[in-house]
Amino acid sequence: MLKKIPKILSPELLKVLMEMGHGDEIVLADGNFPAVTCGQRVVRCDGHGIPELLDAILELLPLDVKYSDKPVGLMEVMAGDSYQPVIWQTYNEILARHENPAPQIDYIERFAFYEKAKKAFAVVTTGEGALYANILLKKGVVV
Amino acid sequence: MLKKIPKILSPELLKVLMEMGHGDEIVLADGNFPAVTCGQRVVRCDGHGIPELLDAILELLPLDVKYSDKPVGLMEVMAGDSYQPVIWQTYNEILARHENPAPQIDYIERFAFYEKAKKAFAVVTTGEGALYANILLKKGVVV
Amino acid sequence: MLKKIPKILSPELLKVLMEMGHGDEIVLADGNFPAVTCGQRVVRCDGHGIPELLDAILELLPLDVKYSDKPVGLMEVMAGDSYQPVIWQTYNEILARHENPAPQIDYIERFAFYEKAKKAFAVVTTGEGALYANILLKKGVVV
Amino acid sequence: MLKKIPKILSPELLKVLMEMGHGDEIVLADGNFPAVTCGQRVVRCDGHGIPELLDAILELLPLDVKYSDKPVGLMEVMAGDSYQPVIWQTYNEILARHENPAPQIDYIERFAFYEKAKKAFAVVTTGEGALYANILLKKGVVV
Amino acid sequence: MLKKIPKILSPELLKVLMEMGHGDEIVLADGNFPAVTCGQRVVRCDGHGIPELLDAILELLPLDVKYSDKPVGLMEVMAGDSYQPVIWQTYNEILARHENPAPQIDYIERFAFYEKAKKAFAVVTTGEGALYANILLKKGVVV
Amino acid sequence: MLKKIPKILSPELLKVLMEMGHGDEIVLADGNFPAVTCGQRVVRCDGHGIPELLDAILELLPLDVKYSDKPVGLMEVMAGDSYQPVIWQTYNEILARHENPAPQIDYIERFAFYEKAKKAFAVVTTGEGALYANILLKKGVVV
Amino acid sequence: MLKKIPKILSPELLKVLMEMGHGDEIVLADGNFPAVTCGQRVVRCDGHGIPELLDAILELLPLDVKYSDKPVGLMEVMAGDSYQPVIWQTYNEILARHENPAPQIDYIERFAFYEKAKKAFAVVTTGEGALYANILLKKGVVV
Amino acid sequence: MLKKIPKILSPELLKVLMEMGHGDEIVLADGNFPAVTCGQRVVRCDGHGIPELLDAILELLPLDVKYSDKPVGLMEVMAGDSYQPVIWQTYNEILARHENPAPQIDYIERFAFYEKAKKAFAVVTTGEGALYANILLKKGVVV
Amino acid sequence: MLKKIPKILSPELLKVLMEMGHGDEIVLADGNFPAVTCGQRVVRCDGHGIPELLDAILELLPLDVKYSDKPVGLMEVMAGDSYQPVIWQTYNEILARHENPAPQIDYIERFAFYEKAKKAFAVVTTGEGALYANILLKKGVVV
Amino acid sequence: MLKKIPKILSPELLKVLMEMGHGDEIVLADGNFPAVTCGQRVVRCDGHGIPELLDAILELLPLDVKYSDKPVGLMEVMAGDSYQPVIWQTYNEILARHENPAPQIDYIERFAFYEKAKKAFAVVTTGEGALYANILLKKGVVV
């Protein structure tokens, strides 16, 4: 542990966040996501919820609000599914706290999301139990 | 994630618990413990408190109550230190819930504890912030 | 060995089952299956029959009964072969014991089965001697 | 699998048996033995009983009956323990079937047995549930 | 060395033979064959002739006489080459000694043989000096 | 690069700082220090001066001011050497800026310093050209 | 450190420069460049500006002025961007100091630059904060 | 060093020459050749000229004079280049000393030569300073 | 295979012989020797007799006849054993063919021989079936 | 190859020279030296004489003339040996060309030299054929 670094971030996760560059993407995946199959790099944060991880990561990681229209991605609710992902409201509040104005969201069809995860820099496994909770972040520029 | 397996346990931690045999020891270490220096194997559970990890581990790991007088170890409060580790009471409740009668505790002097950690099968890093919160568990027999 | 975990499961197999996510597949292969050639990951359980492994795995692994029509696959008897795979009845009984209603079976032509094995998360080698005994399981969601 | 080779033997175990030379020792350890801690090489045969493994191994492995007085080792019942290890009778029958006359047994005190395991060529993990079931074999000469 | 296992077989070669499954192929290559270039796995048996290796391997390895028309492959004499590979007669005698009736031979054009070697499970290097002496074996089923 | 993290810190150095625990030590070594010979872990920061690295590190790394009398070490000027290491004054200013009161300094004889470096968690190579510029930091507790 | 070798060059960077041959390219990337994603080899020089690295590298690395029209590449300012990369003037002065006449510059569209970086021998990460500061160098011949 | 083996050949180079089979090719590359980029295997002989290496290699390596029309390759002088590679005469004398009649030479266009180098078994780096000095050798048969 | 190199020598064995220096020792071990336990490096020549290997090795390896009184070692017949190792006569003839005068033999007690094997540069496994057939060679100088 | 760097130095050797710090030692060993047995790191320069390597290394490597009485070591002629190592005169001339005044020589008994080689940072193998030609260099400080 270090001063200024949220305790929930492991040394490996911090290293991955640092090594990412402008335009690289990272997926925070829920507990059932096929992370080992999809991820080029897998960082395990078993047992944690995504909101607390998201909040900690955004203290350090700039989103690509300047060069990307929608630097945040969520998995679209599937056709015919009436589920309301209430966790999205939590995400919105966390995002709004770290970026002003809040970044636009890209709603991505389920299988397209898998394809984006395979191209992402890393996939972070969590114990998040909410449905449609996977979230993708595109790194911006540190100035 | 699997049925019957607490979500807080990572695949790596479960593998380590399974590979341990009778008499092998594991240390759950607080967030400031020099785990990489002491641990023969280090399993990272950054950001978690020890009580929830302990509870999850004891669902699966039998303590050596039969062959060891004191299959649980805690780090003794240092001479001259008036600190009262209230987390120990939490530990006692968790232990009593999993083993009946509750296992005896071995209070180990600080530097002796470090030496035991170096011989342990694994050291688990956590984000536990309480003082004197490190706890050592000796594995028993599955029958 | 651990409490609640069937003894037949090795630490490596359990780790693989945990790392699998929703939609990932695992093949339990008989003793003559070309597992090293087909498997992205090979977990060796030499000498064991498939029924006892299947039973142990299904204690922990949820099948994808909700999102997949046929979360279990078997290798179709080849055209012109009059062989009756009686082991399938055993499989049906084990499946029915763990999932209610019992999952539907996908009967897969031999070479299509090989192709699916190559894309599976893992192939488990066994000593199963029965013919047409290979079985493929698609992991579901833990809630 | 191959002709003449018992199915219970994995490729890795067979390779280890072949690489052993005259005087090298191998331990078949019960399910609670601290095999990873003790073993220079660990070969996993989770879920199997020791008798069937012993029988299969002795089809191929010669015991050092010629140069060693007691080429087989068992863990002595501890002082004060009235347990009768009935599995030893099974071992005797298997040994007598493979070597004539049957090899002499070296009864080894528990902690001395651990020390011998640490010097052995390999430790084989099993799911054997009987007590005092660990057995040590010293390889002889192939002529 | 072990009882029942021909001395000419190395631990690595035996492990490879065991890991092969139904339909996997192995090439015994003469001393000039580009084995490292072609072989997915290379097992070195430098200095040995192919007949003694073939004889030893067939004591353990079943050929795929049941599911393959021609489970043995030889490199066809090139057009315009009047060479008579007398070693083939030796191969026929060895094959006939291990399989009854003797398996049919697939005569494969030189460059097609190279392509098959690249897809084979393993290529075994030898010191065989005879021309057109490379031989390919397809593994059958152990029942 | 990340928000809040000084740009001079590499991902690897940050990971090392995070993995260090209470009481672990790190050496910032000048350009001529035998870092590869001494260091259990070597983190290369070639070309940088030590003052800017020290300043950046102390933004994140707590010194062990509470449990250690002298959590900072410097290499003592050798007997007979009249050199005045003016860089120490720079170090004092940096230290005082990050810890209040400023930590006490342990002046360590040259060869004793080498021995401490060999036991340290890591040695950081720099391009620092000043003499007697090596500095050792003992990590404290994050609360 | 060695005589004649600029201190800013790490052992690893020097080794990479030596291993490069005629026509191989190296990218000096600014602090936000996705170097790990693009680079076949990544050499980390965190915290340094590009001008001082460029100057040091050109003391040793010949540019391919003889066989290539434009042995130096810069990332073209994007359409609609009025930014004036003043660092280019610094680059020009450094280039002119090392090669006479100064090498021609290839202005490369942003995404084409990424593609060239993926094919380059190595990408060097820096802490350079200027925009459009990435620079690509093609190695020439040492005579 | 060994009897009969030229001193200039390193253990690694000799091992590579032995592992090559009939038809495999090796490139002796001059000091500016992009060997790491092109070579599947790179054997470093920095500082040596090619003639002395060629002479040593041909003491052991048979050229494919029997099955290949042109078992030796040279890089063709580029169109418009009036350079006369006098080193070729040296090569011819060395080749004639080892093979009778001297093998035919394949003159290969520059970029085609690069492609052949990428498919070769190995590329040997040297310190050869002559232009157009790269030479490719196709291994023949040892009888 | 190469010209001048005996076919029985594998690429790995030749590399080991080359890497050995003045005074380094190599053991040719019979088929029952515990080579993996004793050898710092193990080179497998399964199935070969020692005389043909010895003859091939001595074509290339100089014995240390100049600086060592007894550059060849044999395992002394054990007290009470009337066995006459006739293979020694074969060894003497081979040695005399390669060194003139024939080198003196060091007869080494069995367990002292094991200790020397553990310090040797390499141990070569063979299929040699004769008793007391292990032989140790000390490398001399190539001039 | 690079400008200013002697061509005889390989990338690996240069990296080793750079990683060495003040007081680290390197041995240039003749062709019969047991370099693999003695060297913590072995850098192969097969086929080269030591004088040309020494000359190239001293262009870059400072000797420890300031802090060490005798920063150069040679292997003492053994008692009873009348050999005159004329190569020492060559070494003296090379040393005098690079350091003024020429560094003092430490004449080291043969077996003491071996011990120093085992503690050295690296041992460089060469093809040097002169006797008593091994030379040890202690690195100094770059200012």
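Couple of notes before you dig in:
For clarity, chains are labelled A, B, C, D, E, F, G, H, I and J in written order, and residue numbers in each chain start from 1.
Just so we're on the same page, a contact is a pair of C-beta atoms (placed from the backbone, for glycine too) under 8 Å apart; a residue touches a chain by one contact, two chains touch by 3 or more.
Quick caveat, the model's predicted, so the values are computed rather than measured.
By the document's definition of touch, subunit C and subunit J have no common neighbour.
Annotation: the B-D interface is duplicated by A-G among the options A-G, F-G or E-I, judged by over half of the residue-numbered contact pairs being identical.
The rotation relating subunit F to subunit I, fitted on Cα atoms, amounts to 145°, rounded to the nearest 5.
Centroid analysis (C-alpha atoms only) places H farthest from subunit B. Centroid to centroid, with C-alpha atoms defining each point, subunit E and subunit F lie 62 Å apart. Distance from the subunit C centre to the subunit D centre is 32 Å, each centre being the mean of its Cα atoms. Taking the mean of the C-alpha atoms as each chain's centre, subunit B and subunit E sit 55 Å apart.
Chain contacts: subunit F has residues 1, 7, 10-12, 19, 31-32, 129, 142 touching two or more partner chains. Applying the touch definition to every pair of chains gives A-B, A-C, A-F, A-G, B-C, B-D, B-F, C-D, C-E, D-E, D-I, E-H, E-I, F-G, F-J, G-H, G-J, H-I, H-J, I-J. For subunit G in complex with subunit J, the residues that touch the partner chain are 1-5, 7, 10-12, 14-15, 17-19, 59-62, 142.
Within the complex formed with subunit D, the subunit C residues making contact are 1, 7-13, 31-32, 44-48, 52, 127, 129. Every residue of subunit C that touches subunit E in the complex is listed here, in rising order: 31-37, 129. Interface residues of subunit A facing subunit G in the complex, by the touch rule stated above, are 19-24, 121, 141-143.
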